[in-house]
Amino acid sequence: MDFYIQVLISGLLLGGIYALISIGLNLIFGVVRILNFAHGELVMLAMYGTFWLYKLYDLDPYLSLVVVLPAMFLFGVVLQRFILQPVLTTSGVMKMFTTVGISILMQNLALILWKGDFRAVQTFYSMSTIKFSGLIISIPRLVAFGAALLSIILLYLFLKYTYVGKALRAIVEDHATARLMGITVERHYLLAFGLGALFSALGGTLMMPFSSVYPTIGGPFTALAFVIVVLGGLGSMGGTFLAGLFIGVIEAFAGTFVSPGLKEAIYFVIFLLVLMVRPQGLFGMGRGTEEIGLK
Amino acid sequence: MKKLAMLAAACICLMQISVTGVFAEEKTIQIGALYPISGNLALMGEESWRGAEIARILRNRQGGVAGKQIVFRQGDASTNSAARSETERMIEQDKVKAILGTYASSRCMVASEVAARKDIFYFELGAIANAITQRGYKTVWRTCPTSLDFCRGQVNFIINWLAPTLGKKANEIKVGIAHEDGEYGTSVANSFATLAKKTGLQIVSVEAYSNTSNDLSSVIFRLRKAAPDIVVAVSSSQDAILLSRQANELGLNIPIMGTGGGHSFQSFADGLGPQANGVLNVDFTQYHVNTKYTPGLEEFVKLYQETFKHFPRAGSSLANFMGANVIFNILEKTGGSFDPEKIRKVAMAMDIQPGHTATGWGVKFDKEGQNVRAECLVTQWRDGKLVTVWPKKFAVMEPILVK
Amino acid sequence: MKKYTLWIAGGLGALLLLLVPLYFKSTFVLHIYTLTFFYIGLTAAWNIMAYGGNLSLGHASFFAIGAYVGALLYVKLGISPWIGLTGAVAASFVGGMILSMPLIRLRGPFFTLATIAFTEVLRLIAIDWRDLTHGSAGLNIPFDLGWLNLTFKSGAPFYYIALALAVGSVWLSRWVRYSALGYHLRAAASDDQAAEALGVDFNLVQITALLISATLTAVLGLFYAFYSYVLEPATLFSFELFSLQPALNAIIGGMGTVWGPVIGAVFMTPLGEFLRFYLGTIQQGLNYVVYGIILIMTVRFFPGGILSLLTPLGVRFKRWIGDTGDNQ
Amino acid sequence: MLNLKGIDCFYGDFQVLRDLSLKVEAGQIVALLGPNAAGKSSTLAAISGALPYTKGEINFCEKPIKGIKPEKVVDLGIALVPEGRKLFQTLTVRENLELGAYSRHAREKRGKTLQQVYELFPVLKDRSSQTAGSLSGGEQQMCAIGRGLMAQPRLLMIDEMSLGLSPILAKQMFTMVQEIAAIGITIFLVEQQVHHTMRVADYTYIIEKGHITMSGPTKEIAANEHVKKTYLGM
């Protein structure tokens, strides 16, 4: 029994990180309606930021958030303003390919600037664990999980109770009508992209104590985040969180009891099944999704 | 209309430029150097290339081969398809008569196939798949160990050191394998399983995982259940760190033995810190080794540091250095000629005993073109350094058992 | 009169292409041509789905299905790849049917995501199913010369095979475009509801396009496998090489048109080789940086692709190929 | 107040508006009537800046508003209640109303305006914390109009208000419109529902195939034989 609980804990902790990265994507996907193929690269960039702050200035990964988060927010805003905004009126396909271009560009710039080495941060708490009644929990993973939970709650409150948050929700649902209300949609796109980058950066930085970074690390995160966002439902932060945990747990159990090599395949199959049976997402609102491809 | 004409002209130019290379000069020896220097394998590919490059620089300083300077025509085998294109290009456009490379086995399989069908020499200095020299081509040679040699190194160590240390007989030793499911991990794991069966080791668990995975807890759980005496890990890069970290997080108290790749990288120790201590590894010759048996190693490291401004990142550059030197020696003896018969004769006649090259490997090619005197050494991470611990003559420290 | 002379020009062009292997002895040149032909075929096949406004980023799956089925039948059972073709077509047909189950209800980004997920699943299975595919270690096509085995010493036979495949694919994609199916697809692309109001069964149209596109891709995959003699999941299921690249070619050439994909492939394939050679060896990754910039710039400044730059000529070109009305 | 002069407007290759001219005088209720697909919604889209027009000009309070983006048109004091309500279904009624007051001049006073809207439509106050999607058709229409009022417009344009409402409800809504006009807000009604519209409108335009075919004080229009036959079914 303990064994199953241990696997479950592992999956939940992993799912927290996944959720964190995915809410960033959900904001971008939901608000700006761009299929952001460069999402994993945002995570990658944040991880490198954390690494270099640690390496050059001996800054602890958690402290480096102070620098990395604003920087990544700004990066997201710039990306949206100068690269994506100009193609916003073209078809979805074109927007998507712009992000593919950004992804290729960022990956290879990282390769040129920082080489292919995998880099890790070594902190005193990297390996620290909590042990009780035969269960082991990694502290940095727990911290990441807590941060994920906290930031999802904060984001929820922000969307629920602030005026800007309400405007963002309105845009998720119907940006044309939001415009009729006088909502400056483009400016909110900037905000959404910035926040999306910020949450991805948070996920990336919190992973650094127990993970390593290299130029091509982003790809799998992009795919994963898409799966989670679709499962959780567009525009639904709670749904994304649950879907993140769900995928984390599925991955842990499938990996442990089926085969570690097939764990990704299993969640992709679930993804396809969900698209087949309930395309509006397992937990989600799925409202306003008709426009971007769900019937 | 003007736009179109310009576009068409540009297209044609592009075709032309990509098709017409710069022709080789007579006064130099042109060799193709094919490595994956972009894409997923870029890191080790580039490190491997550096080894060959150092060998070239050194040899040119000493007067080159048969009085001619050596020039590398570089190719980027970033994908299998690129490996093929680049091989064709180097042969047809750059007119190279021999190619060295490749680090990754699948790239080598493609590239050497192209080269062999055109009777162009292919010298493999770093890829380890057994099949490379088993296809019956007379122009494909390999100076480095095969994946079977890797596993031989591991199995010898397990039987001759681990078993006595644990107070067990060889056939009581249980081994768990965790390998990345790429071509490297799969072929090494297959070799290990084959060899282990012959020697009576028990394999209790074989876990394949994707090297892009960001969580290996399931691998750890499965290994924990199987409870082996040692985990043989075949990791390509960051997954080596991840495996060790999660083993530690999740209380897998079993010694881990890497198989080159990610376990040989300095980043492994940098990332893990003290936790890296005691992790075993089997690989090409590394830098902390009994230099009596590796003449030329210190010179290599010195020149590497001068050229690239830091300590070599892994032993694969050294292996490529050694291999490139063997090729230069062969060409020296043929007087710079690429005549197949001459090269074959010279190569087959080569007979260097172990302990006389920079990697400590001897040189003796078998009929298939494989250097049978290449061997893998067991190393161990000790205080951030990858120290050779086995076999004894190469060792600079005694191995220790860290769970 | 004018049309007559243009036909002659076209014929001369075709003849020149046929003569290329006689003139160029270099297999490298032939290889670049061959590769370009493969990509013309792949892009044209991919484009058939794009007529309906649907963007697949999972065509590597069909490519790999064709390659694996053909190669496995040959390596394991000794069945000639020419007969194996039927197997490849059948397998990709089944694959297309399976994929169309989730796809029926999806459009836009979700459609694309589903195709990616489908490919990932197949890729992971191919890696895991080692008894059959030898996993990542890969399968080799043995070097047994002969037409029946699709194994040759010179580059010329594959040059002609690839040329024929390219011509065939473009012809098929053109045929589809101007058939009732193509008309329905384009109606569906421009406005679903209007199309459905016209009595077009959108699902049926979409699935038919998918199946044609999938089987064509599989056929190309089979020949590519024998051309490249090593099969491994990392290459055949490669997102960059066989899912993304055809889409890129089509977009850069002009998506949803007959000739855009051809122009895109003819432009991009040598460019990729050229960039890798001239930039990749100067600084690792530099070629892809340039590649990424080209992509971003194309979308931004020429969203209609290269073909849209050629519009003035395009009209004349259309007249030349005997195409009336119906601009793109 | 609002003045459209010779508007030509295309939807792709298809011309939706031909040389369209109309005027909305301050303080009036003006109606634009016409059959399906006559160009009614396109006219509104052109005014609100969502649909560019190739010829002609639109003036609001004597100032040209061509090229002003939809989100800025609201700031001028023009609010549109779109066809089909277009409420933000997952947001609450209150949130919907609040968002109506997004434009700068309206935002400061949104608390006060909200009270006014609640007075006008008491049912919205009761439903304020429900999601807009859970409202009935009539309530949704009230919410949509309320949302338009939240922008503190000088001109309120309502597209197909009666669509999908029961005759009794529709009648109530038109009475509401009169109440709103009484506060001093100019109203531009775009309708297919002729009877009720003519009951409340001061001035009426008839649009057919993208062109104004008839206009005049509502009473005159109602007396017109052609209108009687085709629109009033008499």
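When the chains are written out, they are named A, B, C and D in that same order, and each has its own residue count from 1.
Here is the rule we go by: contacts are C-beta pairs under 8 Å (C-beta built on N, C-alpha and C of every residue); 3 or more make two chains touch, one makes a residue touch a chain.
Owing to the predicted nature of the structure, the values given are computational and were not obtained by experimental measurement.
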Per Cα centroids, the chain farthest from subunit D: B
Per-chain CA centroid nearest to the all-protein CA mean: A
Where subunit C and subunit D are represented by their mean Cα positions, the distance between them in whole Å: 51
Subunit A and subunit C, separation of their C-alpha mean positions in angstrom: 32
Centroid spacing, where centroids are CA-atom means, of subunit B and subunit C in whole angstrom: 35
Rounded Å distance, subunit B centre to subunit D centre (Cα mean): 74
Interface hub residues of subunit B, defined as touching at least two other chains: 38, 42, 46, 181, 208, 210
Multi-partner residues of subunit C (each touching 2 or more other chains): 124, 127-128, 284-285, 288
Chain pairs that touch, as defined at the top of this document: A-B, A-C, A-D, B-C
Touching residues on subunit C, where the partner in the complex is subunit A: 55, 101-102, 105-114, 116-118, 120-121, 124-125, 127-128, 244, 247-248, 251, 255, 283-286, 288-289, 291-293, 295-296, 299-300, 303
Subunit A-touching residues of subunit B, taken from the complex the two chains share: 38, 40, 42-44, 46, 181, 207-210, 212-219, 221-222, 225, 237-238, 241-242, 245, 248-251, 262, 265, 267, 270-273, 275, 313
Residues on subunit B engaged by subunit C in the complex (per definition of touch): 1, 3-4, 7, 11, 14-15, 17-19, 37-38, 42, 46, 74-76, 78-82, 84-86, 88-89, 91-93, 106, 109-110, 113, 117-118, 129, 131, 135, 181-183, 185-187, 190, 208, 210
Of subunit C, residues touching subunit B in the complex: 26-29, 31-32, 35, 124, 127-128, 130, 135-138, 140, 143, 153, 228-230, 232, 234-235, 238, 240-241, 266-267, 270-271, 273-274, 276-278, 280-281, 284-285, 287-288, 306, 309-310, 312-313
In the complex with subunit B, residue positions of subunit A that touch it: 3, 6-7, 10-11, 14, 108, 111, 115-122, 126-127, 129, 131, 136, 138, 141, 207, 210-214, 216-217, 219-221, 251-252, 254-256, 259-261, 263-264
